[in-house]
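Below are structures written as structure tokens.
Two complexes are shown next, each including chain A; its partner changes from chain B in the first to chain C in the second.
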Partner chain A sequence: MTHRPYTPWLFLAPGLAVCLLFVIFPFLNMIVLAFTDASALGGGEFTGVDNFVRMAQDPKFWAAARNSLLYMAGVVPPLVLLPLLIAMLAQKIVPGIGIFRTAFFTPVIASTVVVGLIWTWLLDSRGLVNNLVEALGGSRIGFLTDSTLLLISSMVVTIWRGLGYYMVIYLAALANVPKDLHEAAMVDGAGPVRRFWSVTVPSIRPTMVLVAALSAVNGFRVFSEIYLLSGGSGGPGGASTTLVMLIQSVGRGLTGEVGYASALSIVLFVILLGLLLVTLKLNRREDRL
Partner chain B sequence: MKRRTFLAGLAAVPVAGCGLSGTSNTAAGGNGQVTGEITFQTWSLKPKYTDYVNGVVDAFQKQHQGTSVKWVDQPADGYLAKVMADASAGSLPDVINVPPDLSFPLAKAGQLVNLDESLRDAKAEYLQNAWQAFEIPGKGGCYGFPWYLNTGPIFYNKALFSQAGLDPDKPPTNFKELEEQALKLAAKKIAILGQTPSIADFGLYGVKLFENDKFTFNEPKGVEFVESYKRMYDAGALIPEALTQNYTGAGAKFMAQQTALNPGSAYDLGKFKTDAPSLYANIGITTPITNTGSANMFLHGVSVPKSSKNQATALAFGRFVTNAENQVKFAKLASIFPSTSKGGDDPYFTTEDGTDEARVRVAAAKQLKTAVNYTPVQFSDQMREALLQQLADAMLGKKSPKQALDDAVAECNRLLK
Partner chain C sequence: MKRAHLFLALRYLGLLSILAISIGPFLWQFATSIKGPGEDVFVPDFIPDDPTFGNYAAVADVVPVWTFALNSLGVASVNVITNCLGAAMAGYALARLRFRGRRFAAVIFASSILVPFEAIMISLFLVMRGFGLTNTLTAVVLPGAIAALNVLLLRNAFLALPAEVEEAAIIDGANAWQRFTRLALPSVKGTLVVVALFSFMFSWDDFLWPLIVLSDQEKYTLTIGLAYLQGTFVQNQRLVAAGTIIAVVPLILLFLLLQKHFFRGVGEGAIKG
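Up next, the complex of A and B:
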């Protein structure tokens, strides 16, 4: 067998070409555009750091960044813990467990738009939930018309959709926890709660960190849930707009401010990169301990 | 959003018949030979109007031997993105279906052919208000052949009006009556409206929207209008979703009988009949609520980009598609109206046959003669969003109506630059 030095590149070429064309080039283009006043129809002129100065003074940016952070803080803890508990239940081999596993996983494969419509019907001022509340003697709740409740409602949808996905990740991790550890703990008299904290959690901690990182990134980048539940408006007065929604709103259409939207995208990228680096560092520290 | 609904509605109307003759009186446009291949892009006309458009294309090719028209239909979702991508790349199709607010940024960027220069005699063939809709205000030039038009009657729920003790045969005709009746309905816990006012509603109220290259809807009349809405909102005359609602959402609320009144189009009547029969049984139809005497008009057109390599053929085809004969045929298939000066004279638009559909159609056709496209062509999607957000803040009492309008106007003027 003769080794041709270019052979590996031939295999890599299609993937690299796609990556260059659809990831690297647009990314570099975005960086360039962020320093211009480009619109959808024009290349724009170099404006230095004007877009970033404008961002610092733009109350919409700060409100959107705050909403994205709140969103992340609201969805990460439930998405780290709830799927783990569900995975521990779904892990049991009992008759009909497949139905439960499927039921929990269904929201993951459901179309986002369909999910949004279903939840809109449920939470609308005349929706199922409000009709129930009224029938029980309460007054209607503005799940979709109050900016705070809209954020919380969207978080519930994100958590509901994420349960099945993270459950599958946890199921794989739980399958790798050695049974003898549990048996040894039982012999030593440890109950289910003690075994959960002292055996299960330490064994799957890297997976928990991974789930936290993934859900944090997805939470910070949230778009579909709020967009669909608010009918694309970002809530009354746009008060529930998140960072990704703001980017879409600023940059869309023929009159979109592509330069400013690119600058916002860079800031989003830097924040997400920071989040991932922190997670990576935490994970390494855990490994060393 | 209104644009989308209008089109979605158009796409949903069943085709009653098709087939066109191969004759036309269209003259060739622009300089140069009408020959060669062009691409014609439409907005969500397949599959309902496939036969109609193919018929128009065949007729044009027959009339102009040596031409070939490639028809491309784009779905409504993502249409704007598609136009944007093509415009950025300088590869717009030769003839493109665009409403005025989409033609404006393209024309402003110098990407569309000025019909006033290329086809000086074309203007007379169209309704003047429709032609003006494709002009750049203050700068002259027309950048699109007006195509199909629509205007809305107002639909109202007679049963809900009766429930509130109102005369179901006397719906509001102006904004003063609207508020009076809205407050009476609200006292019985019935909401009248499903959305806050659009920029066109400000126009219908009589507010000056745009003057001397600036938005001006924060003038005292505009503030008075928002104050009226604030009183209605506080009384519960608007549903809570009104603060975030778009046109489609408000229509759905009216169909679900959660609101008592909604602007619509001739197409909506058929939708009520099939999708909301209990509403249809109580439906009231009236003229648009206006303080100016003129209804609002929605329209679409076809433009020819300067980048077209076959401009003469593209212009001739654009004029052919939008000529009186082709427009009338199209209007008879869908619940729309022709934008040509002679199209509206067809008995189909002037004679009633006793059905509700014909009544709405004849009334709308009559309305269109004086209708105005109130939405300034400069009013972009971002501006619409800014107005919606500021109005929501005004309704919630976070800002005074004056402050909210000042902020909305400031943002719109910033976006103009």
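Up next, the complex of A and C:
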């Protein structure tokens, strides 16, 4: 016997306590609450599927779900492609490459809030970007005051912040592409574009799929970027609110409708779980390669 | 040969443009933060005529920014310690000790990873209220104190260690805790650094949860403090800029010191977020 029977449980106790109390229990409780009319003040009667019926008729829910989906669809393609191109630029060891790679990663380490505030200032009606637009002969654009432009601006912030992160993942993948494949293609007279599509892309396709899955999950749960760029309002009339923002605003505070917020959370969970399972599966496959 | 030079020049041109896109916004924010009250912040001028650090002092007059920073630092430091220690303990038990119920424990951790924070945040708020912890920094720390992902990362690290060393220690009469602290922990230093870094960053960056659970200004962490600052003093962009620079400098320093671990962590923790 190498240890007493209860020893492993002493090792596990803190970790299990945190997971059970702050993940598993709230999760199970959320499922129960979703079928009640509980408020933030407590109580709540069993109301069956009323919350879900209400959701189906709630235009705010449909708008938020649409925004979250649009957001996901908007950020995934650029986040799959642009970091790959940057990784290809930064892949070759040339003098100073360390400085470039480090600088490209800076937006990742700055917190989302810092990044959000920096871009709020850049995209201000009189900010740097609008100055540039004017200098080029255009007229000022309401990046933060129009609900569609607000969504697009937030996507740009997400994409900008993701460039360095996914670049690092791609750099690791590119390092494993056999050199002789490129050389053989070159001997066969394939140009750079042809080699990109016929050699690079097929060799790192698993990583591209992984990046797509990761950025999809993160895109669907967007909160901070839109919250900050809209100053907490979710855009004019709340028209740019996403699903996570909606849950936060419905369930929060003394007037919070906890029951309805829980029903919304279940929908969020089901969608995210689907995306997460795909990601985990791809991640595992990636590990084997 | 000429062609190779041309390609190299093009490569640097590309690298330089990405560089400008990556750090330009930070430079602009910094430039704004050192512009004096007499200077028009809307003029696209990266080098102020009369640079001043006065805004860094002034921002502390309108909001307790240093209190926010201390709160964030406290929360992040506690998170680093609890994650490194708690996750290592659990990971060690899962990887190195044989006992009934190991599978059950592993399933709890694995399923915790699958529950996104955003889906349980409202319910989590009720739990904290049940404990009487709302509007405390303890409530900010607890949910992320021992992340299930870190448990599994460390479990994998411990699994990779050769069994012979520990077998020798068992024969020498070392108990489980001694084997854990003296043999196993020092061997997974690399993973521990990654866990520590990402715990710190995750905690320092966290916005949504403190926003839900904190209500008094003196309890604010930097992230929600900055959002509050922007909401209240949006007319003075110099102060907001100074606040954001205060929030980002510690992380940039940390990053420059521990770069290679960051890059490793991106690979290992790719599913965290």
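We adopt the following convention: the second predicted complex is superposed on the first by the 251 of 289 C-alpha atoms of A that agree within 3 Å, B and C clash if a C-alpha of one lies under 4 Å from a C-alpha of the other, contacts with A are read in each partner's own complex, and residues count from 1 in each chain.
The working rule: a residue touches a chain if its C-beta (ideal position, glycine included) is under 8 Å from a C-beta of that chain, and two chains touch if they have at least 3 such contacts.
The shown structure was predicted, so the numbers you read here are calculated from the model rather than taken from an experiment.
**Student:** So if we stack both complexes on chain A, do chain B and chain C clash, or do they fit?
**Tutor:** Because the two structures are overlaid on the shared chain, the partners are seen to clash.
**Student:** Kindly classify A:41 by the partners it touches after superposition: chain B alone (first), chain C alone (second), both, or neither?
**Tutor:** first
**Student:** Contacts for A:252 in the overlay, against chain B (first) and chain C (second): which applies, first, second, both or neither?
**Tutor:** both
**Student:** Does the superposition put A:94 against chain B (first), chain C (second), both, or neither?
**Tutor:** So A:94 only meets chain C here.
**Student:** Quick one: classify A:7 as touching chain B (first), chain C (second), both or neither.
**Tutor:** Second partner only, chain C.
**Student:** In the superposed arrangement, does A:109 touch chain B (first), chain C (second), both or neither?
**Tutor:** Second partner only.
**Student:** In this superposition, which partner touches a larger number of chain A residues, chain B or chain C?
**Tutor:** Tallying touched residues of chain A, the top partner is C.
**Student:** So, A:142: does it touch chain B (first), chain C (second), both, or neither?
**Tutor:** In the superposition, A:142 touches chain B alone.
**Student:** Now for A:238: first (chain B), second (chain C), both, or neither, which partner does it touch?
**Tutor:** In the superposition, A:238 touches chain B alone.
**Student:** If you stack the two complexes on chain A, which partner ends up touching A:230: first (chain B), second (chain C), both, or neither?
**Tutor:** A:230: touches chain B, not chain C.
**Student:** Between chain B (first) and chain C (second), which does A:126 come into contact with in this model arrangement: first, second, both, or neither?
**Tutor:** Touch partners of A:126: chain B and chain C.
**Student:** Out of 19-27, 55-63 or 73-81, where does chain B collide with chain C after the chain A superposition?
**Tutor:** 73-81
**Student:** Common interface residues of chain A with chain B and chain C?
**Tutor:** On chain A, the overlap between the chain B and chain C contacts is residues 124, 126, 231-232, 252, 256.
**Student:** Would you mind writing out the residues of chain A in touch with chain B in their complex?
**Tutor:** By the definition above, chain A touches chain B via 40-42, 124-126, 142, 144-145, 230-238, 249-250, 252-256.
**Student:** In the complex of these two chains, what residues of chain A are touching chain C?
**Tutor:** 2-3, 5, 7-9, 11-12, 14-16, 18-27, 29-30, 33, 86, 89-90, 92, 94, 97, 100, 102-107, 109-114, 117-122, 124, 126-128, 131-132, 160, 163-165, 168-169, 172, 210, 214, 217-218, 221, 223-224, 227-228, 231-232, 244, 247-248, 251-252, 256, 258, 261-262, 265-266, 268-269, 272-273, 276-277, 279-280, 283
**Student:** How about chain C: which of its residues touch chain A in the complex?
**Tutor:** Listed in rising order, the residues are 8, 11-12, 14-15, 18-19, 21-23, 25-26, 28-29, 32, 42, 44, 82, 85-87, 89-90, 92-94, 97-99, 101-102, 105, 108-109, 111-112, 114-116, 118-127, 142-143, 145-146, 148, 151, 170, 175-177, 180, 201, 204-205, 207-208, 211-212, 222-224, 226-227, 230-231, 234, 237, 240-241, 243-244, 247-248, 251-252, 254-256, 259, 262-263, 266-267, 270-271, 273.
**Student:** Can you check the complex and tell me which residues of chain B touch chain A?
**Tutor:** Of all residues in chain B, those touching chain A are 80, 83-84, 87-88, 102, 105-106, 109, 111, 239-241, 243-246, 249, 256, 258, 380-382, 385, 388-390, 392-393, 395-396, 398, 415.
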